[in-house]
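Take a look at the structures below.
The following pair of complexes shares a single chain, chain A, combined with chain B in the former and chain C in the latter.
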Partner chain A sequence: MRDGIFLYGHYVSVQIKSMMQYKKSFMLAVMGQFLTSFNTFLGMFFMFQRFSAVGGFTYSQVVLCFGIFLMAFTLAECVARGFDTFSSIVRKGEFDRVMVRPRGLVLQVLGSRFELSRIGRMLQAVVMFIYGMRTSGICWDMPRVMTVVFMVAGGAVLFFGIFLAGAALCFFTLESLEIVNIFTYGAREFGTYPVGVYGKHILRFCTFVVPYGLVQYYPLLFLLGKREEVWRMFAPLLAAVFVVPCYGLWRVGVRRYQSAGS
Partner chain B sequence: MKKYTSFFRLRFAMGLSYRAAAWAAVSTQFAWGVMEIAMFQAFYQAEPERFPMTLEAAVSYVWLQQAFLALFAAWMLEAEVFESIKDGNIAYEMCRPMKIYPMLFVRALAMRVSRAALRFGPVLLVASLLPGAYGLRAPQGIDRFCLFLGAMILGVLVTVAFGTLVYGITFFTISPEGLRLLVTSAMDFFNGAIIPLPFFPDEMRKVMEVLPFAAMQNVPLRVYSGDLAGAAAARAVILQLVWLAVLVAAGRIVMARAERKLTVQGG
Partner chain C sequence: MIMMNDICKSYHVAKRNAGFKEACRALFCREYETIKALDRVSFTIADGEMVGYIGPNGAGKSSTIKILSGILTPDGGACLVNGRTPWKERVDHVRDIGVVFGQRTQLWWDVPVIDSYDLLKDIYSISKETYKHNLEELTELLDLKELLKTPARQLSLGQRMRCEIGASLLHGPKLLFLDEPTIGLDAVSKLAVREFILRQNEEHGTTVILTTHDMQDIEALTRRIILIGKGRVLMDGSLEDIRRGGGNIDQTVARLYRDYDI
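Now for the complex of A and B:
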């Protein structure tokens, strides 16, 4: 385990070093990442210039929600980008090389990509979080702080699971499925607003199928003091269980894998 | 002229061959549309009196936008073209017995139209079958529909003309990534891809509506539902014509300059 962490650290440092060889294109990538989610923010900002609330949430509450959700997403994307681009690893036959090495497969794929450029988006998420934190009138006690930590951690694990499942599907289809983007990038866009806002059918989907609601909507209500049940605080931990079936799918895919590419 | 039409046909046929990608895109766009409508509906339910268009108009805006995404999307600026301008491969294209401006224009047009041709049918079909507030209504009246078609053609031409102008400007930079980033996010923001222009505050909207970006998807998508009608629609369509002329002229001038002093970097 310690050995694995050390190896992963090594992978990351190599990646960062190589990125720093092209500082200008790195800066541009940072800016690009920032701009895409900044546009989403602007859309929300101007909606609230016109409307005072949506689904009972005010502007600063939505900013807080978006900030936390975006932090979780960005953490996951930063680490799991290797899964997001996994189809090219399979198609080029690089996965064969990964399999013959005496190390864990997941570890190696994770190590193949580390996207430091997501720092641009992370910065935006943190700024939004701080703004939301100070303006949404929450009295910060220990359970609330823990709730935020759980939301970010649980959300990151949930997105990690989605990226992992998306990669696992590549074993069956050899190409990346655009449908997976709905659950990653689409969720990032629409996670701006608490999922309860979208109506009860979508909330149900986001509770029982892909549990975004458990890392966002339910604990958010507790955080904002709209509801007091303590289970809401721990809901994100339940959502993290989502990673188990995703890993199962990955294992099935690996067992079924018959090499591709040349 | 004939060589450009056959070039168009060639690129169009190329675009049509990506069927699997199109099916995947249809499902993505469908999900995207549902979510977007759910969002607008939430705002509508909260404060219907502040909603700047009818809910029905917003719904048809979303569905048409998703169905014809390829026609107007900012990210359809081709990385391949930028790359060939950067690495000098564009010089091969320039050796061909075609003018560079119309060639790039036709190429972009063919790509957008072919991609949209594969996608719009299923999205519109399913959208029109959806129940209640989510469904896409049939167009009201033949004259409005004709105006919609005309505005759509103009909107696509303006989008392509703008994109080709950006390609032209790229000739004067060594690395196009930064320019591409700025242009795509500005386009998304100002042309109503993020939220339709009527949702912006009034003073801001007045400025945005005269920019070339507003002459792209903003006009046809709002004409369809009648959100933009009468004199305002006529003004918008005239503005589309003006911007089309300006952008094409600017694009040709820039491209001609670029051709005259082009230095090929790389071998």
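Now for the complex of A and C:
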């Protein structure tokens, strides 16, 4: 385990060295990343110019929600970029190379891409989080701080699971599937607002199918003091279980790759 | 020691006629054709042997290499490499082998070659002393001293191939697969690569399996030749067996291909 983490660190350092070869491209990517999610923020901002609350959430509360969700997503994307772009890894035959090295496949794919340029978006997420934190009138005690940590970590694991499942599907299609983007990039957009505001059916989907609600809506209510049940604090940890079936799908995909070739 | 016994492998390949209409039709009902890539392939290779594995394009050479290196699972038959079944004990198996795909790189594109080597040291968990010793030896024999500081993308094809071969020997594998190692190289680089492979075999007793279309590679390197066509082993003999036809080796091999109707 320790050896694996050390090796991952080495992979990342090689990635960063590579990125430094293309300084201008890197700066532009950071800026682009910042601007795209700034767009979403603007949409939200203008919305609240007209309405004082959406589904019972004030402007600061939504900013807080978006900030946390975006942090989780960005963290996952930064690390799991190899799975996000997995179809190119398979097509270029890079996966054959991964198979002839004596290490875990997931670790090697994780190490094959690391997107430091997502730091632009991360910065924005942090700024929004700090703004929301200071203006939404939460009294910050230990359970609340823990809740935020769980939300970010649980959300990151959830998105990691989706990226992993999407990559597993590439073994069957060889193409990356546009539909997977609904659950990653699409979710990033619609997760701007607490998913409860979209109605009962969507919330049910976000609880039992792809558990966005568990890392966002339910603990958020606890965070904002709207509800007091303690289980809400730990709901994000439950969402992490989502990664188990995703890993199962990945294993099935690998076995198919071994029997079908590319 | 490599033992292959009655290995079979077939692929499903989608077939359709040319034209847009046909493409649309194929979207709904696709016709598959089963292609036998390998049909009861058997051979045994002893430790320290150098074997040329030849055959026309599409004969099943890559499939064999993929099975031997643990990437592909065959449909039937048994295969043991140093007492292990490659696709069942992938991690332990690949620790002992080195693979060079002539058409693909295993070096990290944007960083100096030595950074790639350092990362490989951690991937294969090579001890510090062994790494230092192997690196020094490879640097001297492959004349890598100046190349190690250059990013892989700035190397010429011949220089890169020397670095690739170095990279796959850092962990001191007992078995080396070379898939068209001299493809596209100029005369000087070809000779350098050949000479190095010969020395590696003599001094370390490394078993080498070489696939190539360059008959001069075969002439220079191997004493034993396995000819494969349409997924079957057609001939397993020495260079002299092939030469018996007399004349130029390329012509002889072309005549063999015609004789076997492959």
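Definition applied: the second predicted complex is superposed on the first by the 257 of 262 C-alpha atoms of A that agree within 3 Å, B and C clash if a C-alpha of one lies under 4 Å from a C-alpha of the other, contacts with A are read in each partner's own complex, and residues count from 1 in each chain.
Here, a residue touches a chain if its C-beta (ideal position, glycine included) is under 8 Å from a C-beta of that chain, and two chains touch if they have at least 3 such contacts.
Remember, it's a predicted structure, so these values are computed and weren't measured experimentally.
Considered on the superposed chain A, chain B and chain C are sterically compatible, since they fit side by side. In the superposed model, chain B and chain C sit 90 degrees apart as seen from the Cα centre of chain A, a figure rounded to the nearest 10.
Set against each other, chain B and chain C touch different numbers of residues in chain A, with B touching more. Of the two partner chains placed around the shared chain by superposition, chain C is the only one that A:259 touches, whereas chain B remains out of contact.
In the superposed pair of complexes, A:182 makes contact with chain B only, with no contact to chain C. Using the contact criterion defined above for the overlaid structures, shared-chain residue A:93 touches chain C, although it does not reach chain B.
Contact with chain B, but none with chain C, is seen for A:193 once the two complexes are overlaid on the shared chain. By the touch criterion stated above, A:40 is placed in contact with chain B alone, chain C being left untouched. Judged by the touch definition given at the top, the superposed model places A:237 against neither chain B nor chain C.
Superposing the two structures on chain A brings chain B to within 8 Å of chain C, judged by their nearest Cα atoms. No residue of chain A lies at the contact with chain B in one complex and also at the contact with chain C in the other. Residue ranges of chain A in contact with chain C, taken from their complex: 3, 6-7, 10-11, 14, 17-18, 21-22, 92-94, 96-97, 99-103, 108, 255, 258-261.
Interface of chain B with chain A (complex): residues 20-21, 24-25, 27-28, 31-32, 35, 38-39, 41-43, 46-47, 50, 52, 175, 177-178, 181-182, 185, 188-189, 194-195, 199-201.
Note for the complex: chain C touches chain A at residues 11-12, 63, 66, 69-73, 75, 87, 90-92, 94-95, 97, 99, 101, 104, 106, 108-111, 115-116, 118-119, 122-125, 151. On the chain A side of its complex with chain B, the touching residues are 24-25, 28, 31-32, 35-36, 38-40, 42-43, 46-47, 49-55, 175, 177-179, 181-182, 186, 189-190, 193, 197-199, 202.
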